[in-house]
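Just below sit the structures, each encoded as structure tokens.
Across the two complexes that follow, chain A remains constant while its partner is chain B and subsequently chain C.
Coming up: the complex of A and B.
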């Protein structure tokens, strides 16, 4: 280090250190008081308190309010002006002659949205996890411009979901870019967002495109954590490529894969913004997902049914809690096996 | 058992030449140790032999067959890695059996080989455990077991003891030597530890900057080092080097005379004398070839290691038998033996007519 840059860094550390020293001096007396008051054991709770407060205000309290609203009826927003209806909202949602036929249900839009969401989740999670895995495997190989390709796949993650929806809407709408290209090549225009199957296809495709980079990155980190020696040992052991993947890579990547599967699953159940911008739930209710149903029932319809929306939210919340518990169980089992 | 022949092996990483035309023969059943400082290319050479790295030029022959383009798996070699490279999610049994399963060997045969190796290495009680539940020494045994079950032509061992503590290293060293005898296998062993090289090797290959400096038995290298580098690398404590010049009456060592007459160099030539620490005698400070001011005394019980600065300003180490009474700051004389190693200005050993 040159003398000039050494002097600079000393000056910089002085600039940083001086206020820090002042701050630490100022905090000393209150910290001593808190420690005397709560004891060493209580200090953990003291440090956690600000976070817990924010978590309570913005998560626990809304959940509690939502829970209370799900047992109330009427159009009023303020809880005091609403009346208690017991399990009526849940009954409305869950009354169905045949659960596989949404049209036979009392709240058919709710069941249609569940059918759509289940289909979306099964296909999107499978496709997204597989494509993210393949992408990570490819990006993990020695190749030219590896950094560039990693950036290319990660770039969509930086976009807001609304922007993603708008970009693809611009490409896929009747007079959009894709149809313009098709017409240019003498092919027929297709109503990508106005035909049921195509609309669902593009909702899944756009969602995979937008989130692929993030999950590929998690898997890439997992792949890079696998020691190179193991692959060399496998090579010396005469292991073929597929068997190396199946017996070495996959088991060692499993903890990361489990995290990815859970996150993808939870986010897929919550699908809303980009799909809402892209298809608006249509055509008809063919891409109406559960979150959109809740949003429209509670806020967008002229007759706001906050009680029904809250009950649907609670049911959806239960599903998400169930998925999270599954993930926790799987990962703790994995940890136990790892130690054993 | 296999015979290995390397001819003009070169390796470059980008613009950096790591190996410069290595020639070497490894005979059936031989224990050959590659030794040298970090970055000398010994591990790279081992990886080229293994097939994990390709050479840029040269020929690798196994039992007379050129194997440059043969994959690592098909060369019939087994490697023990410095990190052991055990599969962490598999039990010890699965680790041992994995390579054999790849070759679609019958299950009974796999089981027999696994049990044989486990018995040999005393790891039978560990077969159900995972590597994370084993100590360093146990992991080392499993790694060796994984190589043994494959019954390879040559065992390649890349600094296999470097992650063990000093005590365990000595134990494992003895076990490796016994294993080599028992299996009568060809083994190539990489280390930077000259003690491991001296104690294990039938022949040592000393490497420096991608070149072979000398190949020979441990005692050949110790007694007749080809150059100053080998002389300094082999032997512990390391050899001392003292600058001197040739005169008609013997050697001039910083103004003091050393009576050696059988050096085949013309008077006036600058040379370096090589003296092992235990080869010198202690004399009166004014009588010795060198005067030494003691800077450190290490009492090892059976001998005393003395470090200091000579009257020439260079460092010097000597060992004295028993528990000598020396103190830091004492001045002593050092009488050099007549049988010193002599190196010319290029560092090459100078043959002496009397030796």
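Coming up: the complex of A and C.
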């Protein structure tokens, strides 16, 4: 490096460093104050405080309000004008002769929505995770136009759920694109959204289509983080492709897979927007999911039953907390095993 | 010097204008539009302001969802606009302002809107909170071109529901259209025909008594028409709960012989169908008890929490006056609730012959609506009844439940809702 360019570089560093030094100096005084006031152990809490405040206002307080509403009755919107009813709303929801038969339950729509949600979660999560994994594996290979294909799979993620629902509704309705193609080829028109099984199939299919790209991207990032030399070593040892996948890819991808499974699971339990636009919960109640039940009970009726809706959402919240705890347990076990 | 004088005079004029406009009391109207009524209202407001320079009217055009979801919360909090256009009139009646002491002539007002004022009053009250901007009535809309091509006469006055269904089936089969009879998925839409079949809906004690022979007759009809393909399953059976579903697109695309919906469709059908085919409202199908549709509509009401009740009353009095209501109805193609205007007839401003014919039929239907149907508009449990009826009959159509189970569930649902709301 010449003397001139070295001098230039030093001058540039000085220009950048000066305001930085000033800023650090300015921050020094409050930092010293905080440290003296709260001690080193309390510094973390001080830094977390703004975030916790926002979290409390927008999450914890609404949860607390919801909890309180679930013990109240009547049609009034404001809590002060509502009546305390104890566990009555929970009792209404949980009164059932046979939990496997929603028709025998007092609040049959609630139990039907639980049945539908469980079925949806089991099938959708399995299918979505598997398809996302396969997609990520394919997109991770050397291929022509790889960037294009990645964009193709990711594109639906950019669409609003309402748009996704509407697009597929137009495709699947009586005079939609799919029936037009079938009729063109001399096949029978099918009422895709008016047949129970087809409606659930399409609700799952559309949900997988809409979210696949996002989860495939997470898995793709995980795949790309796996060191290449492991694969090269396996290749030199003549390991078969499936064994390589089973012994190298899957274990090293597991943390990402766990994140994907948890996110997909939580999202699946909360399914509402695109399914609501696509099927409206029908035919009958065959695609009525728990979130739509809560929405309808609390907001769609002229006589809003906020107490019952709050109780249902508390029960749903409990399930979500359970799922999150399961994920935390699985990931901490994994971490312990990793350290061992 | 001359230019200085001009400048000073201009400044004075500006200051005067500004102070006048500053002195004007602001009245805010929260308004939603289905069609062109927002623009028509703006014209009228401008004229009102010209005649009343001490009042500035601000029209806040909002989506219907704002009125449905946000307004109730505002009202519960003792806030809200000064005036609002709203459909849920009865259930929010405690928030409306009684204008009687502020109106110039409350008696004329009451006379012109006598049969709809109860829709916006609390039970037992004789308050005068506003007026209906338009009436609606449910009824059949007929694709007359399809009927003509099929050589099937459109059922006339006193034709029964069975005759209507049979005619629609004949037309659909002959013309190979997929839907013979479409019917809005709505408890409100169902209730008119049920009343025609003899449903009483309200018991002697004033509590809901929904499931009776008349109700069952219409429910059975709906179930049967879905079974034999007269009605398409994807409308009533296609969605869950109380979700509304119509067949507007199907009718506009010429795939429906008869569509049971209502007068509010006329303006948009005229616009969307154009000259593709002829269509018209049909007379109300009959049952053994009546030939009635269900009336309804939107009202413009004063909100109790306004700071300017006198000015609000002047705005409402102007908008409810006969010439204004007449012009509003003529330009928006809405049926007037003003009895004087309705009695003299309305010259609906449309070049589409289907519009005039349809609105005349609907206007006549509003004047012959059954007393039970009229009473339902001011009945505090009508919302609970409609919600329960549509969700349970929807399950029957989707083959999830039998009619007998649905009847039991309807009664139980309504009982629960009434109990919850009566706490």
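Keep this in mind: the second predicted complex is superposed on the first by the 293 of 340 C-alpha atoms of A that agree within 3 Å, B and C clash if a C-alpha of one lies under 4 Å from a C-alpha of the other, contacts with A are read in each partner's own complex, and residues count from 1 in each chain.
In this section, a residue touches a chain if its C-beta (ideal position, glycine included) is under 8 Å from a C-beta of that chain, and two chains touch if they have at least 3 such contacts.
Just so we're clear, the structure is a prediction, and the values are computed from it rather than from any experiment.
**Q** Quick one: is A:194 in contact with chain B, with chain C, with both, or with neither? Answer first, second, both or neither.
**A** Only chain C is touched by A:194; chain B is not.
**Q** On the superposed three-chain arrangement, identify whether chain B or chain C touches more chain A residues.
**A** C
**Q** State whether A:299 touches chain B only (first), chain C only (second), both chains, or neither.
**A** second
**Q** If you stack the two complexes on chain A, which partner ends up touching A:77: first (chain B), second (chain C), both, or neither?
**A** second
**Q** Which partner does A:124 contact after superposing on A: first (chain B), second (chain C), both, neither?
**A** After superposition on chain A, A:124 lies in contact with neither partner.
**Q** Quick check: in the complex, which residue numbers of chain C touch chain A?
**A** So the residues of chain C touching chain A come out as 69, 72-73, 76-77, 88, 91, 178, 232-234, 237-243, 245, 250, 253, 255, 383-384, 386-387, 391, 394-395, 397-401, 405, 409, 417, 420-421, 423.
**Q** Would you tell me which residues of chain A are touching chain C in their complex?
**A** These residues of chain A touch chain C: 73-78, 83, 85, 103, 108-109, 173-175, 191, 193-194, 196, 279-288, 292-293, 296, 299-303, 305, 307-308.
**Q** Using the touch definition from the top, list the residues of chain B that touch chain A in their complex.
**A** Answer in residue numbers: 50-52, 71-74, 77-79, 81, 83, 85-89, 98-99, 102-103, 130, 132-133, 146, 150.
**Q** If we count contacts the way the header does, which residues on chain A are in touch with chain B in the complex?
**A** Within the complex, chain A contacts chain B at residues 227, 229-230, 232-240, 243, 247-248, 251-252, 338-340.
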